[in-house]
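A, B and C label the chains in the order they appear, each numbered from 1.
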Amino acid sequence: MKRFIVKRLGYSLLSLLLLTLIIFLLVRLTGDPSVLLVEPGASKEDLVAIRAQLGLDRPLWVQYGQFMSSLLRGDFGHSFYYRTPVFELYLSRLPYSLALALAAMAFSLLVGIPSGILAAVYVNRWWDSAGKIFALLGLSLPSFWVGLVMILFFSVYLGWLPSSGSGTALHIVMPAFALGWYFAAAHMRLTRSSMLEVLGSEYVKLARLKGLPEKFVIAKHAFKNALIPVLTLAGINLVIMVNVAVVVETVFAWPGVGRLLFEGISFRDFPVVQATVLIGGTMIVIVNFFVDILYAVIDPRIRYER
Amino acid sequence: MSALLEVSGLSTQYVGARGTRVTRAVDDVSFTLEAGRTLGIVGESGSGKTTLALTLMRLLPPGARIAAGSVRFEGEELLHKPEAEMRALRGKRIAMILQDPMASLNPLFTVGDQIAETLRVHEHMSRRGAWTRARELLGAVNIAAPERRIGEYPHELSGGMRQRVVGAIAIACGPKLLIADEPTTSLDLTIQAQYLQLLREIQRERGLAMIFITHNLGIVAKMCDAVAVMYAGRLVESGPVRRIFDAPAHPYTQALIESIPRFGDTASRLTAIEGQPPDPAALPPGCAFHPRCPLVMDRCRVEAPPDLEVAAAHRARCWLAVEMPAGAAAKG
Amino acid sequence: MNGSRTASLTVAWRFASLRVEGFPWIPALILGVIALLAVFADVVAPYNPEVGVLGDRFRPPAWQAGGSEAHLLGTDHVGRDVLSRLIFGARVSMVVGFTAVIVAGLLGTTLGILSGYLGGWVDQVIMRVTDTWLALPALTFAIFLAAVVGPSMWNIVIILAAVYWTRYARVIRGEVLSLRERDFVRLAIVAGCSKKTIMRRHILPNVLNSAIVLGTLMLGVVIVTEAALSFLGVGVPPPKPAWGLMLADGKKGLMAGYWWLTVLPGVCIMLMVLSANLLGDWLRVKLDPQLRQL
């Protein structure tokens, strides 16, 4: 087991390294770094000065070294607009995004799991068909459009819910729904297929052969087992939600990291944009690592693979 | 005295998508089983033996239906019973053991929990009572240190122990009939003998009747009083074990017996049966075995032989049984 | 170029031999209509989508009070005809969507084949890069790239392809790994074919199924992402009419109740994505039942 963890750790670290390399190269090679890394509106002389200061005329690997060393110190640059270190800025906004993601996740699980179970138990009957339609809609409707339409209905026409900002519990309702909608459909689909697989398993067969009532079989034997892959997916999706929330946060002016990213591109605040990608990617690599370990704990076969 | 289990004319079919293909998984099967006796059901994979077992328990997958026949257990007709009554029967009066113990046990619950479950549902025992009884049952299936094992999870036990747990679950409520579907196939050879020994003990102690489904004739010889041979969903031969082994009437049975390698055999090659078992959805006309039969006659290709009596309690579906006088079957 | 001819013949044959059973007519029809509108936009659209009459702003659709038949679906905040913009937007969505999917497909499939077939360190390197690339959150990464290279319609296509090629690489690699063990490949090796030939003539036509199915499924994702990018202002730049852009503009009128500027473009996106998904699902079941896990 230890060997497995070490191996996976090595892979993750390699991924993180590659991540920074990819971002670094993309900026240096495809864009004009001197324009990007400099405040908008700088004069020609400023540009020259900045080039020297940032070492943009040094060889690439030296620049990369500089880049990495500042990253490792937690220095992701300074925001042009806010005039504060980007990392601090990001961290100050992160709790809002996490709150939104958690609310959206709760919604998606509360809707997704029961409907997935019902769709599996009543497979190919009414509930399943309804579930399929729901899944299709969830995967086809862009989250930000759902948000906009909800504002139209609940803020403009009905006046029940506030359309932007944060502050009260009511403020989180629509953004959470808009963000969670897609994931509710994804979770429903996975719950359904996982449940179907479990319902066809040998131990469920034996449970029925033991004469246990069907509801009992589903609630006790099938449910717990079916939930494992769903919950691990949910863990990964939580982090994905934080990243994907850009548009929803923009629509609802929710002050999370997604909105920060939007501000970054609106104000040509490149350090913010770059940092968001780096941190976002890092979070996903970390979560993937933990999920892999978790799977190995649950299923001993995985430890001896590869 | 009526038999414990009387099956007559049982037929189960799988209906393909959109009702187009009909596969006859079990076709006109009849046999009886007395209390305390063991019947072996032998056949290759795809012969329908597992479907037969599931039909008796009325736990067929969706898409399968019982087309005809009757199953009488302790005088009651099972095929028309409402589901609630069947459920009361399963696990309590008729129990079943499946092939792969690792897959049969839920990995998330302890061994004790899974035994106690049956007791609580059927005997309405309290948690404590069920737990105590579960411990006793673990001892009854020869698991050492049952107080420790009872709290363990399936993956912490060895394969042989797991199958014993499955056995404990089966006998927990004192059934009259135990159906064992290839219970030793997943076990190591050395463990197999022990497990069979255990089953015999349990059977003797509790007066259990057993249906033993296997593809291994050696086990049948050791464990069973009577044997029924299945091929392509039909019962092609049935009778007392001694008789079937000494004088098999159906060429398939003969071939099966011959293909068992024996010590002292001086022949240099193993005898195998030519050809493959037929696709259940596309059975050949006439006798299903005729493409592979060394003694095939023209009649076999056209007409499926009925269930004919060869001798007392010895039946076979073969046109040869008509031609040959009872008791004088020559080895092929 | 035997391999590519085999490949294109295979694609044609596969499509021709698809039976009509269960064919999703409505989604196909919808996609067909959208495609036609995209191609013939200049002829079909009543107005120039980029020019507006300022005096005619925020007109509601014809069936509402204040609407007129001159503008069936109303006008936007600078007086441009919504219907025309929707029609021309179809062109943008189609072009960007299809091109990005095809480019991503080409890149991802090639890498997947190389990685899966050649194995060894090539595989390791490509896989590590792919996994890492996959860890980059798609939308965020796309925004980042847009910030780096600057938004224009063709840049967006390249960006989308750059973000989504990894989906293909993973799946195709998996297929190739199992194909490698099949007899006809082994026969080719024994017969002395070069690796390049085998990859081109034997592996490629057989992974096309998966690539095509994946393509239809990715089309929806790509379009939604493009709409999101345009909505945020880093996608197709104005005044070009992209549905995502229309949604961004529509937001301005939202609080005032100008619903048609928000609902209508979204409906278009939804129809296109829904149809692509349904078609993809049908293709997936038809072309290879084994792909059901996709």
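The definition used in the following text is that a residue touches a chain if its C-beta (ideal position, glycine included) is under 8 Å from a C-beta of that chain, and two chains touch if they have at least 3 such contacts.
Everything numeric in this text was worked out from a predicted model, so none of it was measured.
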- In contact with subunit A and with subunit B at once: which chains are those? Just list them. none
- Query: Measuring centre to centre with C-alpha atoms, which chain is farthest from subunit A?
  - Reply: B
- Message: I'd like the Å distance between the centres of subunit A and subunit B, where a centre is the mean of that chain's Cα atoms.
- Response: 52
- Distance between the CA centroids of subunit B and subunit C (whole Å) is 55
- Item | Centroid distance [mean C-alpha coordinates] between subunit C and subunit A, Å | 22
- Item | Interface residues, subunit A side, partner subunit B - complex | 201-203, 205-213, 216, 221, 224-225, 300
- Query: For the complex, which residues does subunit B have touching subunit A?
  - Reply: 57, 59, 87-92, 95-96, 98, 100, 103-109, 117-118, 121-122, 155, 166, 169
- Query: Which bits of subunit C are touching subunit A when the two form their complex?
  - Reply: 128-129, 131-133, 135-141, 143-150, 220, 224, 227-228, 231-234, 247, 250-251, 254-255, 257, 259, 262-263, 266, 269-270, 273-274, 277-278
- Item | Interfacial residue positions of subunit A with respect to subunit C in the complex | 11, 14-15, 18-19, 22-23, 26-27, 30-31, 36, 136-137, 139-142, 144-145, 148-149, 151-152, 155-157, 163, 240, 243-244, 246-247, 250-251, 261-262, 264-266, 270, 273-274, 276-277, 280-281, 284-285, 288
